Amino acid sequence: MFGIKYMEAVLDDFLSLATTNLISPLILSFVLGVCAALGRSDLVFPEAAAKALSIYLLFAIGMKGGVSVADHGVDLRLGGAIIAGIILSAALPLIAFKLLGIMTALDRTNAAAVAAHYGSISIVTFVAGTSVLESAGIASDGFMVAVAAAMEAPAILSALWLISRGDSETRMDATLWREIMLNGSIVLLVGAFAIGMIVGKEGMADVESFFVSPFKGALCLFLLDMGLVAGRGLRRSRNVLTLGLLGFGFLMPLIGSAAGAALGLLIGLPAGSLFLLMVLSASASYIAVPAAMRVAVPEADPGIYLTLSLGVTFPFNLTLGLPIYLALATLLTGG
Amino acid sequence: MQTHKAKRVAIIIEAPMERRLRKTLEDAGVTGYSILPVTGGSGRSGSWSAEGQVGMAGGMVQVVCIVKPERLDALLDSAFSVVERHIGVVTVSDCEVLRAERF
Amino acid sequence: MFGIKYMEAVLDDFLSLATTNLISPLILSFVLGVCAALGRSDLVFPEAAAKALSIYLLFAIGMKGGVSVADHGVDLRLGGAIIAGIILSAALPLIAFKLLGIMTALDRTNAAAVAAHYGSISIVTFVAGTSVLESAGIASDGFMVAVAAAMEAPAILSALWLISRGDSETRMDATLWREIMLNGSIVLLVGAFAIGMIVGKEGMADVESFFVSPFKGALCLFLLDMGLVAGRGLRRSRNVLTLGLLGFGFLMPLIGSAAGAALGLLIGLPAGSLFLLMVLSASASYIAVPAAMRVAVPEADPGIYLTLSLGVTFPFNLTLGLPIYLALATLLTGG
Amino acid sequence: MQTHKAKRVAIIIEAPMERRLRKTLEDAGVTGYSILPVTGGSGRSGSWSAEGQVGMAGGMVQVVCIVKPERLDALLDSAFSVVERHIGVVTVSDCEVLRAERF
Amino acid sequence: MQTHKAKRVAIIIEAPMERRLRKTLEDAGVTGYSILPVTGGSGRSGSWSAEGQVGMAGGMVQVVCIVKPERLDALLDSAFSVVERHIGVVTVSDCEVLRAERF
Amino acid sequence: MFGIKYMEAVLDDFLSLATTNLISPLILSFVLGVCAALGRSDLVFPEAAAKALSIYLLFAIGMKGGVSVADHGVDLRLGGAIIAGIILSAALPLIAFKLLGIMTALDRTNAAAVAAHYGSISIVTFVAGTSVLESAGIASDGFMVAVAAAMEAPAILSALWLISRGDSETRMDATLWREIMLNGSIVLLVGAFAIGMIVGKEGMADVESFFVSPFKGALCLFLLDMGLVAGRGLRRSRNVLTLGLLGFGFLMPLIGSAAGAALGLLIGLPAGSLFLLMVLSASASYIAVPAAMRVAVPEADPGIYLTLSLGVTFPFNLTLGLPIYLALATLLTGG
């Protein structure tokens, strides 16, 4: 009896959460972008503006994380969380690769390339996650930004190992490795995190009305652009999306978030941070990993991996995924 | 005006390969080239446009080199080593240049 | 006796309004741009930044409109205003075409192309109008944003009809029609309006420090760029500007605003909204319509229609037009 | 390096016509082309530059197609149907390509 | 399709010289040209890229003119007067054009 | 005895100032950029975004200056300060040219080209200086913005005169002269200054949340980009940097600031403005002058002058120079 009541309450919570999320300006902006692109509107966001916005968002989120760490002191859990992140990033591609073998007819190279994306992360999904947390009034650890940075690259190694076990060869060299480790978003995230740690709350006060107050509005415009990009990608590549691939694009984030939840509970993360680790595990890269794949595995088809991560998994996470993961994270930590 | 025979090599290649191509050309002694942006296109792998992108993975650039005819083969060999597994389009055409001493 | 006193008071009001308008940072930024361009300064605004700014402005103005409608409930006048807008947009090109026949020596094709611009609208003029209203402390209906969107396209149809009655043919097809109806600014305005209606005041609060507080400052920079563009256009095309064309560029907005006033009074719009309808009718398009004309009527000379709408009518409306229309709107509604 | 004869067609056309030209080329079976931005120019209709613009009505783009010689005529016919009433500049030149099987 | 012989002149020059080159060309009666952005390159003075710049001093642009063969020499003479002391690269190649009356 | 105590106190002040400056978000952002570039990260700032940011910063700083002048009335010192600025800009290249002859092996043309940069100014260094002043709570005269504008060009004339005295010829003509005097940053600074003077405090209030509050944060992002550019320039041109050139790059700003201090004291500038005049004199141009040199003296090597001003002197001023000049300015005015 009680169990059912409890589940009902949880379901109610989840539904109200999902509704709040779905009618937030953020998600609606994304939906507007998708619709405009599907309707073939000529609305485009200049590339330079999108890049500038993403630099702004990465810098702001990194700095906020650093300031929060400076404020609360470095936590023992920081090390645990980063190791958990690296393990997740390295292991998820192996799971994804197996799953692709079962659900789709992709060849080894393409399957490994897709798998790499799902081990790595989407920082925009992470940022949207922090916004959802904020609206729900749940705290999280500032160091999760560092975890995000740590999860970008290991997945690529796993995927290249998968490919090299087959007969095709990859173009992995020191140059590429340096490019991956020092790619723009890692440098920005980690650098801004460090700046935040050094300047602390006081230094942040100076730049708050640029990096903090307008943040959500800027994220709206960025998600509008992401919607345009995702919608245009979908329209162009609808023919590559078999049912199996589509299913994978929805299933894999759920598996990823479950794995994230397991490791997060193991190292004792509280609700907010657990949620963010789930979001990172569930999300798929569409910037760093595609660029690396283009160089290292030119035979893999960008149409497949970009469409899946950007056209299927990203929208799924943004709309349905976030409330699901948050409901689970609160449930699991008994919040 | 006095002009001199030369070759114009144009290579269209994925943006993430730009650095490598530049390095390879420089290693092969090709010191003169210019890079022009490409904002869209179409090929066997479908059509694309720069506005529909996040990240540079999907973009392309065009590298144009003007070389003396006798250095063409060295250039093509080194360029080919980069584009071989990639989707680069390589074209060569005849042209005339002013101030041959510069090439 | 009383009548003269009253007129004097009105004139006083108008003069002080005009002065306030002319020395606002908005107009001065525009003037700076014009002067820099006429002096052939190398000051340029990067194209991408101008586009990004216009996306920001359209989104912000659309959203504000939607929030205001959500706040006050949908008004019965909404329907009337939209119909009035469509009628104005469709009818004004016919008037403009006649007037051009009288005042200038343009051939049928060029005259129709110019006429199309004057039926349609300039959203920046509209935005500047809302700023003037705000400074004057006069309220207006949020739905006027929807009216602006509705007035973009009908003028194009009228103009194409005018051309097809002559012997030249136009390139009108379903593709172009979709392009016009789903052009970027309509999609943004209507989409952001819908988002504003859904999220309401509460959702707006989240993004206010991005979309509301910095709005006027951002508009300053955008008008600086518009000034540069208008000035450069003027310098390049001064030779196409005959006296007749110039006269048309000043007269037509007055006629348009009068027509807007007539219909607005008929449907009972209050001062603020009446003013905005007059502004929309008085303004001439320089984005959507030129692009459509390039495709549908390639024989028409862009030098003529762009110079007129952007180099003559836009500056006129911005500087003298706005205070005139506001004085009239207050006078007519007995405000 | 083994090269093959091909034709390089470059079409400069108003930006608002880009979509139509792309569609027409694709309908005519020309699957390979690249689009390069044009930031200014001058012609019979005066001179312009991208910075002095709002909206894209005034801009131009350059579409470059590399085709096998035998497919040139089909390409020109279809391109001409689009540029006919427009201000497009169409040039054709000889070139050599690596990897002929791609064209 | 009926085509006509023409010359394609491409000049790569420092961005701060663009205005002067345009003016000189226009003074020499060359009314048709297009300007393409160059985002990077390498030459005797080292390699550069547009992203690593503040101000336009370091950038380059490419000016492309299609002219009738008989007007080539006048064009080259006037262009050379501008690029002479500068680092411009000037190439000339043969091409065919549609609608010769436009050039 | 007292003297030593006093000097100790001054040194303490200077050290705390230097520390505050060095750990401000502004400088740390610049350092992040330099490190990212030296580490060859692919982090890049889109050119259009950098240009847009610089338009924003110039407009904001110009307007603030104008508003402050409108507020405090035009000061008698304005004229003196502008004349001092012009003299400094014209004279410093002569000193720099001599110094280069002693310290380096540059030929006449290259030495004169480098010298031109050091007479002219870097507006970003000026802006960073105003930020440092603000943090230190020291007031300065709004008209210093006008002084900055006045110092941009005279240095170019001096350098061209130096060259024409040798046997090489320069390409100086009316066109170039107009280009220099009406270059984008002068027009923006002076224009925005005028707008600020016209609209005053009241007009500024309207656009404050765009031009004032987010200013420092925007400057952070801009300095991040400047760091990237400076770092990339250094990496590319390390081989042109002889010890002599390097020494010149550090020594010349100190000489410049000393000259600025002398003239500033002569005309009786108070601490804040004196500091800003020292900053202007110490800083070297990397936008207006390089563009002019490219046209007028194409034989000079941009690798040398850009690397020196942007890669050596700019970082030096930003990190160590500012606190040194501020300590001196306070000391000299007995503050």
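We call the chains A, B, C, D, E and F, going by the order they appear; numbering starts again at 1 in every chain.
The criterion applied here is as follows: contacts are C-beta pairs under 8 Å (C-beta built on N, C-alpha and C of every residue); 3 or more make two chains touch, one makes a residue touch a chain.
Predicted model, so just to flag it, every value in this text is computed and none were measured.
Asks: Which contact partners do chain C and chain D have in common?
Replies: Of all the chains present, none is in contact with both chain C and chain D.
Asks: Which neighbours do chain D and chain E have in common?
Replies: Under the touch definition, chain D and chain E have B as mutual neighbours.
Asks: Please identify which chain has its centre, taken as the mean of its CA atoms, farthest from the centre of chain C.
Replies: B
Asks: Could you see whether A-B or C-F has the larger number of C-beta contact pairs?
Replies: Higher contact count goes to C-F.
Asks: Same or different interface residues for chain A and chain F, judged by whether over half of the residue numbers are used by both?
Replies: The interface is built from different residue numbers on each side, given that under half of them are used by both copies.
Asks: Among the chains, which one keeps its Cα centre farthest from the Cα centre of chain A?
Replies: Chain E.
Asks: Express in whole angstrom the distance between the two chain centres, defined as the mean CA positions of chain B and chain D.
Replies: Roughly 18 Å separates the two chain centres.
Asks: Nearest whole angstrom, what separates the Cα centre of chain E from the Cα centre of chain F?
Replies: 35
Asks: Using mean CA coordinates as chain centres, what's the gap between chain C and chain E in Å?
Replies: 39
Asks: Counting in whole Å, what is the centre-to-centre distance of chain D and chain F, each centre being its mean C-alpha position?
Replies: Roughly 46 Å, centre to centre.
Asks: Going by the contact rule already set, what residues in chain D reach two or more other chains?
Replies: If we look for residues of chain D contacting two or more partner chains, we find 36-37, 47, 93-94.
Asks: Counting only residues that touch at least 2 other chains, which ones in chain A make the list?
Replies: Residue numbers touching two or more other chains: 44-49, 52, 179, 209, 214.
Asks: In graph terms, with chains as vertices and touches as edges, which category applies: line, ring, star, complete, or other?
Replies: The chain contacts form none of line, ring, star or complete graph.
Asks: Please list, in label order, each pair of chains that touches.
Replies: A-B, A-C, A-F, B-D, B-E, C-D, C-F, D-E, E-F
Asks: Touching chain B in the complex: which residues of chain D?
Replies: 1, 3, 6, 8, 18, 22, 25-26, 31-37, 61, 66, 93-99, 102
Asks: Could you list, by residue number, the parts of chain C that touch chain F in their complex?
Replies: Per the touch definition, chain C meets chain F at residues 23-25, 28-29, 32, 35-36, 39-49, 52, 135, 209, 213-218, 220-221, 224.
Asks: In their shared complex, at which residues does chain F touch chain C?
Replies: 46-49, 51-52, 55-56, 59, 63, 178-179, 182-184, 187-188, 191-192, 194-195, 198-199, 203-204, 206-211, 214
Asks: Using the touch rule from the top, collect the residues of chain B that touch chain A in their complex.
Replies: The touching residues are 14, 16-17, 19-20, 45-48, 50-58, 85-87.
Asks: Note which residues of chain E are touching chain B in the complex, please.
Replies: Touch residues, chain E against chain B: 12, 36-44, 47, 49, 60, 62, 73, 76-77, 80, 83, 89-94.
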